[in-house]
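Two complexes, one shared chain (chain A), two partners (chain B, chain C).
What follows is the complex of A and B.
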């Protein structure tokens, strides 16, 4: 029984944590698929999502659902502003320049958040404070169902459902819609895309707006998992793991981001549970896995060149 | 794809490298208690050799014994009692005597009119502490003391640095304060690894170093070091008594950061728990720089053994991580009593975050502290709030300034001990072997060792009090 707990509990923790990383990783993959850029600002899109929700509830007194929409809107606006003020002016520069510019956005955003919000912990409200009820009948308790002795809260269930729904939606978008195909086409051959009538600026704005939306949604959903957040939360707490998840899964693969997120969650959690004598065990394990995957399959587990 | 991947990995690596403790940093500096002239590299004092002439530790020459009277203060001394202690005005050294000031000692940082003290603390990194609290509190007491005439006719100026809760950064800041600011002494405000690293650096350059009591290993041979409060190992013994006789629990746990500097605290608590008949049913360490998700998961494992859950858990880790641990435990319907040592877990900003993450922790978090609860400051020193109101009329007062006030009051009494002939050597000599009390910090007595703490205060979390979630519970306790 104890051995079962020792194996099963980290697995459940790893999967639910990994789902959270996967949500942000999908945003990273989307930007990479459409523009071949690693978006280091994605973490702060998530932070803005969390901040937007907090301001909506605590400052504006909005009900949760409206506050959550405000949080997602804040992330989306940040994505659109990043595209208009940073990405588009650098469109003709090497991709590395844009990559560094997104890192600069994160390093500027964090001090700004500190200046505005101050150095403190902000409470993050979950979507279901008292469990989930339908027509007055409680179907999920506040603590959530128990899986191998681990309580999986309604918030974590919501994250997993959101992750799957968004993943399916994006796979459909890139694989089945003209707009999705146009987005992929412009990422591979922008000049040819322009020649066939694709408006590159519109595509760029669409993808960065969508990345901001996903980042904002990530912040709205992830911050309540640990009950609180601070300025820079998305970059310091989520981005590195999400980035690793995206690379491990394959930077061009939406399902890969999902898989990568789960793997990252599992590796981190098992390392944390069993290698605690090693300082930075989870980080070391993570990078060992990353290097191993890149050596064996440089495009990532499910990645392709397209 | 490969080129951007490599660049992105390098960037990610740089971000990670900027965080956390570098392995072995705490051992990288220092030569086990030897004081070294920074210019010549000459060893000027080693373990246990405090006598000598000229540049030795005890000082030579006929400085006058200073006793404990601090300049300008009311010299009333603190009449401490368990449960209530009347405060005093100025810093009052309880030390009975002091050795003579060194005639040829090192007077760096000391002029006829000024003493420069270097203070480092984890403003960032350990917890979301408000920066303004440190800015307002860093010299609150010494400004108050200066207005009353200072210490033996000298005013005290504080140089403050944020060590980022990172030992490498701490050593860098301490080095900067020694080499550029030319401070007389260094003071550590909190954070075990930072205190150990900086004190060992200070030993190599012959600078006195005082800090909250933390680890004993790595510090017990340093001639320049003095703990201002009980060490974690010593507090662990009291904590086991407290858990047994006050909290009335039998199954306990410990969750600590995986730094070697917590090893003696860990061993000490386990031994004390066994001696008090407590059953340790949970004992784990996690990365001292764990991210929020990892800490949350670790919290979820606290009650993983459903048939043998700990009733009380001793967290020895950065507050920011402890907050996530509590949240993770609560998410698994696991709400043990949290009880531990140190001072940062018991600060109100941490308590507020805990109450937000897990309101059910109210009344279930008790921590030892070197200063009494913030809700009873006037019982211990009414001058504190008056001084804050005078010096920072537009600022919000909080317990961080109280913590700094209390520590600096003890520090002031120690700085007064050598008298007017203040040198680094005379200071060390005047503190070593003597006792001091201020009525706020528990008395310190360096007769037996450099770990002078003798007692603790206890604070308890009450989420119903949003102004001061941590309330005073007990004072000057030497046993439970």
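What follows is the complex of A and C.
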């Protein structure tokens, strides 16, 4: 049993943490699919989500669900603002220019968060503090169900469920809807897209708004896993894992980002659990993983052209 | 032809000579023009002297921080500006230099200059290692690699207690001749001058032209006989050299190398912003903006504290503003502050003063092929 837990615990943690990275990674993949840009502001979209929720609860005294909506709205607004102020004016420039501009967005967001909140650790409340009950019947306890002897909290279950739901939704969007196909078309040939009547600005607004939404949601859901967050949390804590997940998955594939997220979560957790003698083993593992994928198989697991 | 001649005639301070190549007349300033230029330099020097003497709590320490930041930004400029490869992990470049210098001091009982040399060597080595990856991975993906590299340095390398001394850090004193803040500023200024000299020679010689060709297109450069591998690694080495030296200076300024100083948010992001706003491939702009940045960081909070809702958080105003400035620069003036400093530099060398506000045709701001 002890051995079982020793293997199962990191596995379960890894998968669930990875699901969280996958959520942010899907946002990165969506932006890359639609505009061939690496969005370095994604981490701060997530911080804004967590921060909005915190302000909603502590400052405005809102109930959790409204505070969470406020957080997601903050992320979405940041995504839309980024599109309008940065991405659209720089649409014709080299993609690295846009990357620097999104990094500049993060540079603005982090001091702003510090200005409002100061240098401290903010508590992050999970969605279900007292377990999940429907009509007074408790279906999931506070600690959550036990999987291979490891407790999986309701928050982690929620993350898994949201990730799968959003993944399926986006695969359907890009594969089956006209708008999704139009989005892919504009990323490959903007001029041709415009010629057949696709409004590029609308598409751009849509994808960046959605990326902000996903980032905000990621922050709202992720921050409670570590119980707290700080200003700049999304950039320092989530961004690289999410990018590595996206790259491992192939940068253009939504199921790939999902798989990549879980793979990154597993590798990082095992490094942390088993290589305790190596300082910062999980960041070393992340770097090695990223470089290995880029050198050996740049298209990742499931990468394709679109 | 006629218009050129007319324009030359209009300029009263012109003794126009026919220029051999394309019929353009080469501009030469009159003695009066030279005097004006000398007066400009003198005025600048006077402002500096006035600043040093008139400001009672003269913030030499902050200024040396600005000079060190300028060296760090010049290091980033070699990568982004000359090779077209972006680095988001410069806290690793600077920090590894700082800790190497401190290690040589505390474990091998060597002095400041040995530490400085060690930081330069280790800085070159780590940058060349990263350069080996850059040979295969370019553009956006290389930016990711550097990001991960920076965080690995922050979370793993800087936390190896036997190397960095853990949370307390490792002491690294200033050299005996430059112990006070003012004299240390002089030392930093000397190092900056050396770095600028190296950088100038780097760009003005064969290596600079090779790097320019390489930045535009590695394939074309290679077909013209440019050694792509060699020059890429060379540029990374130069960048690592500047960064290592900046790290040693940074540590000695603080008198200790501590892991909490070398973070993504405090080093890598500001350096990127400095490089972009100063203007890629614009040494003058980068140095001037680095100094303005720290002076702003030093003085704006004093004013900001009088604004009630900012209070102590006024120190974050300058970083946030610099981000805004970076975005404005990228959109409207890709050459950054270089748009102003470069014409001044040309004017001082005896050319006409021509402010090119067209947005730098041909010279794209941040430019790397994916």
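In this section, the second predicted complex is superposed on the first by the 305 of 306 C-alpha atoms of A that agree within 3 Å, B and C clash if a C-alpha of one lies under 4 Å from a C-alpha of the other, contacts with A are read in each partner's own complex, and residues count from 1 in each chain.
Just so it is clear, a contact is a pair of C-beta atoms (placed from the backbone, for glycine too) under 8 Å apart; a residue touches a chain by one contact, two chains touch by 3 or more.
Predicted, not measured: the structure shown is a model, and the values here were computed from it.
Look at chain A after the overlay: chain B and chain C clash there.
In the superposition on chain A, A:50 contacts neither chain B nor chain C.
Contacts of A:268 after superposition on the shared chain: chain B is touched, whereas chain C is not. Of the two partner chains placed by superposition, chain B and chain C are both touched by A:99.
Once chain A of one complex is fitted onto chain A of the other, the partner contacts of A:294 extend to both chain B and chain C. In the superposition on chain A, A:20 makes contact with chain B only, while chain C stays out of contact range. Using the contact criterion defined above for the overlaid structures, shared-chain residue A:230 touches chain B, although it does not reach chain C. In the superposition on chain A, A:240 contacts both chain B and chain C. Contact with neither chain B nor chain C is seen for A:254 once the two complexes are overlaid on the shared chain. Of the two partner chains placed by superposition, chain B and chain C are both touched by A:38.
Clashing C-alpha atoms with chain B appear in just one stretch of chain C from the list 21-29, 255-263 or 345-353: 255-263. Overlap of the chain B and chain C interfaces on chain A: residues 36, 38, 40, 95-96, 99-100, 103, 118, 235-236, 240, 243-244, 247, 278-283, 290, 294, 298. Residue ranges of chain B in contact with chain A, taken from their complex: 1-5, 7-9, 11-12, 15-16, 19-21, 23, 123-124, 128-131, 258-259, 284-298, 300-301, 304-306, 320, 323-324, 327-328, 330-333, 349, 352-353, 356-358. Across the interface of their complex, chain C is touched by residues 36, 38, 40, 85-86, 89-90, 93-97, 99-101, 103-108, 110-112, 114-116, 118, 232, 235-236, 239-240, 243-244, 247, 278-284, 286-287, 290-291, 294-295, 298 of chain A.
On the chain A side of its complex with chain B, the touching residues are 2, 5, 9-10, 13-14, 17, 20-21, 36-38, 40, 95-96, 99-100, 103, 118-121, 123, 143, 149-151, 153, 225-228, 230, 233, 235-238, 240-241, 243-244, 247, 251, 265, 268-269, 272-273, 276-283, 290, 294, 298-299, 305. On chain C, the positions that touch chain A within their shared complex are 84, 86, 88, 133, 136-137, 139-141, 143-145, 147-149, 151-152, 154-157, 159-161, 263-265, 269-270, 272-273, 276, 310, 313, 316-317, 319-320, 322-324, 326-327, 330-331, 364-370.
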